[in-house]
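Structure below; questions to follow.
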Amino acid sequence: MIKRIFIFAMLALMAMIFFNLVANYTENTTLSKLGHYYADKGPQELGAPNLVTAVVVTYRGLDTLGEVTVLFISAAGVGLLLRRTRRNQDDDKGLEQGDRAEETAGVHKPASEIVETATELLLPMVVLFGVYVFMNGHLSPGGGFQGGAIIASGTMFLLLALPESHISRLMIAITESMSGFSYVVVGVLGVFLAGGFLDNRIMDLGTYGSLFSAGAIPLIYLFVGLKVGFELSAVLDRFRKEDTGPV
Amino acid sequence: MNMLTDIPISLIVLCSGLGLILIGMWGMLTQRNIIRMIIGFSLMDTGIHMVMVSIGYVTGGTAPIINDAVPIADAVNRVVDPVPSALVLTAIVIGLGVTAVMLAFAVRIFKARNTLNIDECTESKW
Amino acid sequence: MVTATITDLLLHPLGIYVLALGAGFLIPLFDRAHRGSAILVFLLALACMVGIAGFNLFGIINGATAIDIETAGIKPPFSINLRFGLLEGGIVLAVNTAALLGAWHYLPRLKEHASALLLYLILVMGINGMVMTRDLFNLFIFIEITSIATYALIGMERSGSVLAAGFKYIVATSIASAFFLLGTIFIYYQTGTLNIDDIIANQELISGPIGFIATLFVLTGLLIELKPYPANGWGLDVYETASTGIASLISVGVSAGMFFAVYKLLPLAGDFLHSIAFIGGLTFLFSNIIGLKQDNTKRLLGYSSIGQIGLLTLAMALLAQLDSQVDIQSQMYLIVGGLFVNHLFAKAGLFWLAGLVKSSSIRGWSVISKRRGMLLLLGIMMTALVGLPPFPGFWAKWELVMLLASNDMFGWISLILLGSLLEAAYLFRWFSYAQQSVADDEQAEIPVSFWQPLPVAIAVLLLFATSYVMAAVMQVASPELYLPLVAGFALWLIDGVHGRYKNLPMLVAVAIGGYLLTKDLDGINSLFSYLLIGGGLLVSIAALYRKDDRKGFYPLLAVLLLSLATLLRAQSSLEFFFSWELMTLSSYLLITLGRDGAKPALSYLLFSLGSAYLIFAGFAVAYGATGSLLLSSLGNSGESMTMIFSLLAAGFIIKMGGFGFHIWLPDAYAEADDDFTALLSSVVSKAGVFGLVIIAAQLGVRSDIGLDPAYVLGWIGILTATFGALMAVFQEDLKRLLAYSSMGQLGYIVTGVALMSHLGWVSAMYMTVNHFLFKGILLLSAAGIILRTNQRLMYKMGGLIKNMPFTFTFTMIAIIAMSGVPPLTGYGGKWMMFNALMDKGWYWIAALAFFSSAIAFLYMFRLLQTVFLGQRKLEHHELREAPAILLIPQGVMIACIMVVSAYPKLLLDPLSAAIDPWIANTLVWEGTAMVTNFGYWNAPMIMGVVGGVWMVPLILLLLISLTLKIQKVEQFNIVFAAERPRRPEETHYAYNFFAHYDRAIGFLVRPRATAFWNTIVEWSHTTASSLRIFYNGNGQTYALFVVMYFVAMFLLNGGLAL
Amino acid sequence: MKNSLNTDDTLENSGLTEEEQLLFSNARPRAYEPYPIKAVEDFANWARANSLWILAFGTGCGAIELRPLMTARFDANRFGVAGRPTPRQSSVFIIGGYASVKTLKRIIRSYEQMQGPKFVICLGICPINGGMYFDSYNTINQFDQYIPVDLYATGCMPRPEALVASIMALQKKIKAGECDGANRYVENFDWYKANQKKVIKNWDMPDYNW
Amino acid sequence: MIFDSMNEWLSKAGYFSLTLLIVTIYGLFVGALIERIIAKVQGRIGIPYSQPFINILKNFFKRTAISHGIMFYLGPVFRIAGGIGTLAFIPVIYGNEMFSNFSTAGDLFLVIYFMFFGQLGMALGAGESGHPYSAIGIARGLSQMTAYEVPFALAVISIVIQYDTLSLTEIVAAQQGGWQNWTVITNWVATLAAMLALLGMTGYSPFDIFLAPQEIPIGPPTEFHSAYLSLLQTNRALFGATKLILFMNLFFGGATGWGELMIKTFLIYMVAIIVGVAFPRFRVDQAIRFFFKIPTLIGVMSIIYAQMLLTA
């Protein structure tokens, strides 16, 4: 109880500190130095109408690379944590042969027919939409992450509707690795062909506002989108598999 | 009515964000169930994202995408700061990554000890 | 950049990221193809990361400018940039090297999963990023990369406790990074930029409550990651439970990254520097106190880790505070870099060792007592961690303390020294457990191949290398200073040879080295060089009597003796302290080689370190006062003189086993090897005398204010003498008796030095020489006796005069000399000291000196009586005389005693000449007689008269004997109240010899000092228990502390006033 | 330093265990000769007679009569008589009446530990013929079978006056050079030993207590 | 001071032999005298004056002896050498070059420390005898010595402060010119402390536990006999007298002639005797504690007193 009071007191103090922030906050009326530069120079320099994309992919490209890495390692980490090793199987007695049949048959009720049918109908569209989102990232709201997330939501659909469906680990791994690696390669090419690491101007900036413009941004977003999509799918897949253990 | 409109929109988001942070912390500090703690974390994370977005707001600004509505020449005066938007994108992904790992931990902890109560995870101490 | 080639890129710091990411992304694919290839890629990538860091750092050291890595082809602050400068390069290189070595250690576990390999790789990259990035938000990303990789690697282990600890870790660090992110965004709000350099340049924009809170958020977020007390329970749990591979990386790598992140942001800290320093100091001190009570190996390492990082934080914050006053950039590099590298390699190595030994409690480490190599590594790393020479930590601590001293920050100095002492206490406690050998059948050998400890060994080598580099930077790396170590190393190479004749190369090495080191000395130093080196060699000859291999003994002995030589030639306090610590360390290790040496050696080491730190503090004060490290400038320290003198004198007194601080002495002397005890008492203890004389010469004589401490010193000396003698009276153990006797005799010397008069000093020096002579004889005799009887308890001996007539004779002469009975040497010393005391008017001390010399008779006679006289035990009838090699040095010393007894002028003239430069000569000689204000002393005449009066009755008795029938009888032919003795044991009056004395005044020598020190130990344990109540293992409590930590920082820095 | 194994010089010490033989001297006692110069011997005897140190060992009931000797009434100090607590320094052994077998053992030890010349005075009847205890299993009836006796002071008990008289008689005897009990003991050592061992069954001491 | 010719050494030695003879005979004589006085007190006649001499002769004329070993043999030699040596370093008759002995070799400090010489040697001899009582006796004797040494040392320091010298000759010289200059008058506190210490030194009751004939047959010399014993007895007389002479020199103005010396030392001795016959024996720990209490306190006061004298 004392601890609870203590927590309450601490949070009250935190609230007081936050109040200090709020009380002294005034809304910006002009852009910050960085914002101003990006809004001013961004379109010319990089040829991307979507300033956020310009910032994300190029100006702060290293962040994005890091971000992709974060996602990659959290997927790897989840995989590592939820892996099935022989040792693990020994722990889980009653599941002598960790075969897929039991895993997938598991405790999940099969989805209703409506859901299955809807999924079959919607899935291609969802994936297509995801691709659209990341391919147009430099022009309109959206981008690699958003697109990837949409693709992963498609996977989610699939997993909900068809719990038995098998997602090829190999495919995921290859796509994941290759897209990530390609991203790095594109970044390195920036060093040789343009101003520096992750510079998008290794390719022609193209026509401002068209699909294949803004240098390598679409390319990068392609890789990012694929990578994010597949990684999120992999995470979902791993949680699903793990969840079928004995209860 | 007047008062409400006088309050800048970003301030409302900021306050909500900070409030969400407090709620998230409350959840992390008081909820014994690990899953609930993770939810607390997510709340806190979301709160931070809201704060970030609110910081980037420029009075009367619009989305920083140059299109027909926002001509290049006038972009500087018309758009909100793109930087926090970019940052929040990154932050969201990172939050996601952490949440995923936390959940994976939760799964493993439950497997190993058959409980999700954080109070029972105190064997290493002093 | 456009013209860059692949090679350029690969050697560019950017290559680190490219390689790590590229390899990281591809490892799953390689793994699918072939597990081995994935491992190969992993190792190659790591190795290349080391290579790149090394290559670029090399370039920078050789004059290249710091490398700025820009991205996106846009200039910062509009894009993210990284920097690879000197400091960054150093840290990156060190971390990557440690990571590579750690990978070697961790590989058996890592290679089970490709994911683990890539996580490890990216974790290392994340640390590199944290170090190099110059963008605040990018820093956040790298922190998160590092954190997530860490979480995942922690979670690789499946046991419940690891997972629980990992989860606590995630909760706490996620709150910390939330703080950091909040701070970052508000800083962006105020400055409109995220580039750190840009932020610092526009620092004035960070203002008002928002600026205050934002800065606080950023700093606290990072500081919490450094695991400050008390918000660090989560870190400890992970250290305790996680596998050593990842724990070591968290301890050295992740912490290094976080630390450097704080360092980068330090210019923003401004007023918070005080708090940061406070936090660092608090963490350093408290975690070391708590460590005292810890038995779990890895958790202990955790406390040590946290403590070290606390020290680093403290040093950094203090130096940053000083930054405005002087240009201390280079010192910053030296101190922080030194401490950092020291911690990095030593701590990582210890974690790796812990991983190999797999004993959860430090009590179980005796399994490596047989593995000399691993024991050696363990010892070296602990030595480095505690900050003993010759490791980087030593140089860094020295610089730090001197810098603090010159800014009068003595509070911090004492905190640092106290913390270091505590750390030494628990680390070496662990070492002593590791040393205790166990019976062969009790514990199985630990299954460790030759290759497994290799990373540890490489870490050790790197420590040595760094040390030499640092010494070179500090311009003290003279070959002379390192000669002891070099000689020790050379002898260690031949240590594998069997047999005792390894002693001979040692003697030769010490003789040559000692000659080279001391040949240029003059005055007091020269005199001491004869005593310490010549005497040391003489006593060391006796070591030949041991036939066994004595692994490690001779190299250490060489280090010890040569470090005494370097001590004598030290010009600056740094050289002095270096040699002093080296001497302490080598003698500690030599004591541990003794029969039951581990425990007493530990208390020896702790008291020695305590004394060393007092000396250190004294030098620091002196440096603060004079700004010079030269010993000869000690005298210019003006008002601080009394302080300096007291500190230094206290240090030397402890080292000599002064009253109240003596409890280490009997055990250490008793348990060390017998011949080494002789060396300890007769030679090594003189180092303390030397120190005392030096500071007395520099400080005591020159100043009037030095008088009061000198008077106190005189009292301490005489109390030491009295109580040493009293306690010796009640000992049953031969060596303990001699140990207490040694303590008592050194007490006289201290008093002699404290007199600060010519006669007093002459008497002190004269007694020093004498003490060397008779303690050398006595302890070597004891060695012979123990060798033959296999026994140390005196009452279990008796009647040995029949078996060991030479040993007896030597012992007897030494005892007569020691007791001060004319005509042998002891009388002269006592006479001079008495005169000097009367001259000075210290009558009470004189009276006590009288008393204690009378008491000394008790134990001296007891020694002769119970060992050599009385009833011989049945099992001792066939004993032989001690080996000749033991007797020869004794014989030489007996000859010296005889010569000096008859012609003390031979010794006194050079002594007096050496003292003359400091104090005007007051010795008056009338022929062979020395005359003082009070009396006179004609040694040759006394010798003649005594010889004469001794001969007369002897001749008379001999004549009478001619007419008598003298029957030589056996030991039981005694008058036994008309009965007959039954057993020698019952008839030998020896046990509790002075029982009546004990009844009369034994209450004076109840072990109060021991009780006092036990109370101190108890007290510190209680403190430790109460300090660690926060670590209750509950993740939410830990999280609460993280929040509280921020709130406390807020309140402490005046947040309420906003 | 072991004693030589020459059977002439050494004793068997068969009463001792092998271990104990190391601890006791096995030398055979030797007779001493008077000083070759008569005057010196006479002077020595005079000194011996005037400095009679009595071993303070009361062996029987007669020991009670020794105490008054030192009192004001008898004051044996006048004759150079003094008590000595250790046989090493004593020259006179006064056997205080009857001697039991147990005491005899102690008497033999003490006597052998006294340095020659040494004298023995027997008090009372008992040392002569056992007195009233003559038929006890435990009483020595004829004391001089075991230790050479120089003087008997008879009676039961002899009064201190008689004791003083016997001391004076002993002095006379010593001055005359007639007290050679110690030498007699050495010369007839084997006979004495045989007698002693006959009555003392548990002979756990060396044959001669040096 | 160095003797440059053998002649001077020899003449010194000759004069010293004379001193030695006189002091020894005097010591033995005083021993007998004291015995007789005690006897008179007890209503007896007591021993003849010649008795101590006869005893020594008798022991010399013993015809057999044993030896426990070389130290046993040398013990008495050490003992008497200690006695003789102590005497050798004390100037016996003030103002008489003949009887100033070898006092130029060292001062008061030498005398005090040389007193231990004999004790140590004797202790070694007794130790080798292997007799437990010897060892017990020595243990007790040494313990008691450390105790009475304290008041004695304090008294000595006091008079060294008072006279500002350690030279015995000068201390005696400072006391010349009438009884009012004697230390016993000028520094009675120190004298008192030293006289209490003397009780312990002489080994009479109540401080005779280390000999204790009734329980540990005469302690250290239990095994000594024959010629050894006569050496010890000689020393006992000699050493006793020497200590008295030292006390006389320190506290009672020394002596300008043998007669004065004998009277003074006899009277000093009588103090110990009177105390001895009047008091029973202390246990050794009681004795030690006694010396650490009142006599030590008096000794402490004597130093304060001497300092006051100096400043006055």
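Each chain carries a letter (A, B, C, D and E) given by its place in the written order, and its residues are counted from 1.
The rule is short, and it goes like this: a residue touches a chain if its C-beta (ideal position, glycine included) is under 8 Å from a C-beta of that chain, and two chains touch if they have at least 3 such contacts.
Computed from a prediction, not measured in an experiment: that's the story for all the values here.
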Stepping chain to touching chain, what's the minimum from chain A to chain E?
2
Both chain B and chain D are touched by which chains?
C
Quick check: more C-beta contact pairs in B-C or A-B?
A-B
Of the other chains, whose C-alpha centre is the longest way from the centre of chain A?
D
Let me spell it out: compute each chain's centre from its C-alpha atoms, then which one is farthest from chain B's centre?
D
By Cα-centroid distance to the whole-protein Cα centroid, the innermost chain is C
Taking each chain's centre as the mean of its CA atoms, how far is chain C from chain E in angstrom?
53
Take the average of all CA coordinates in chain B, do the same for chain E, and state the distance between these two points in whole angstrom.
100
Rounded to the nearest whole Å, what is the centre-to-centre distance of chain D and chain E, using the mean of the C-alpha atoms as each centre?
36
Dist(centroid_CA(chain C), centroid_CA(chain D)) in Å evaluates to 72
Residue ranges of chain A touching at least 2 other chains are 7, 10-11, 14, 21, 25, 28, 32, 34-35, 38, 59-60, 63, 66-67, 70, 73-74, 77-78, 81, 91
Of all residues in chain B, the ones touching two or more other chains
21, 25, 29-30, 55, 83, 87, 90, 94, 97-98, 101, 104-105, 108
Residues in chain E with touches to at least two other chains are numbered 62-66, 217, 222-223, 226
Which chains touch, pair by pair?
A-B, A-C, B-C, C-D, C-E, D-E
Over in the complex, which chain C residues touch chain A? Could you list them?
1-2, 4, 9, 14, 17-18, 21-22, 24-29, 32, 69-74, 77-80, 82, 112-113, 115-116, 118-119, 122, 129, 133, 135, 137-138, 141-142, 144-145, 148-149, 151-153, 155-156, 158, 186, 188-189, 191-194, 208-210, 213, 1037, 1040, 1043-1044, 1046-1047, 1050-1051, 1055, 1058
Under the stated contact criterion, what part of chain D meets chain C in this complex?
1, 19-20, 22-25, 27, 30, 32, 35, 57, 86-88, 106-107, 109-110, 113, 204-205, 209-210
Would you mind writing out the residues of chain C in touch with chain E in their complex?
799, 801-802, 805, 812, 816, 819-822, 827, 830-831, 834-835, 838, 843-844, 846-847, 850-851, 854-855, 857-858, 861-862, 864-865, 868-871, 926-929, 933-938, 940-942, 945-946, 948-950, 952-954, 956-957, 960-961, 964-969, 971-977, 987-990, 993-994, 996-997, 999-1001
Contacts from chain B onto chain A in the complex sit at residues 8-11, 14-15, 18, 21-22, 25-26, 29-30, 55-59, 63-67, 72, 75-76, 79-83, 85-87, 89-90, 92-94, 96-98, 100-101, 103-105, 107-108, 111
Mind pulling up the chain B residues that touch chain C in the complex?
21, 25, 28-30, 32, 34, 37, 41, 44-45, 48, 51-52, 55, 83-84, 87, 90-91, 94, 97-98, 101-102, 104-106, 108-109, 112-113, 118-119, 121-126
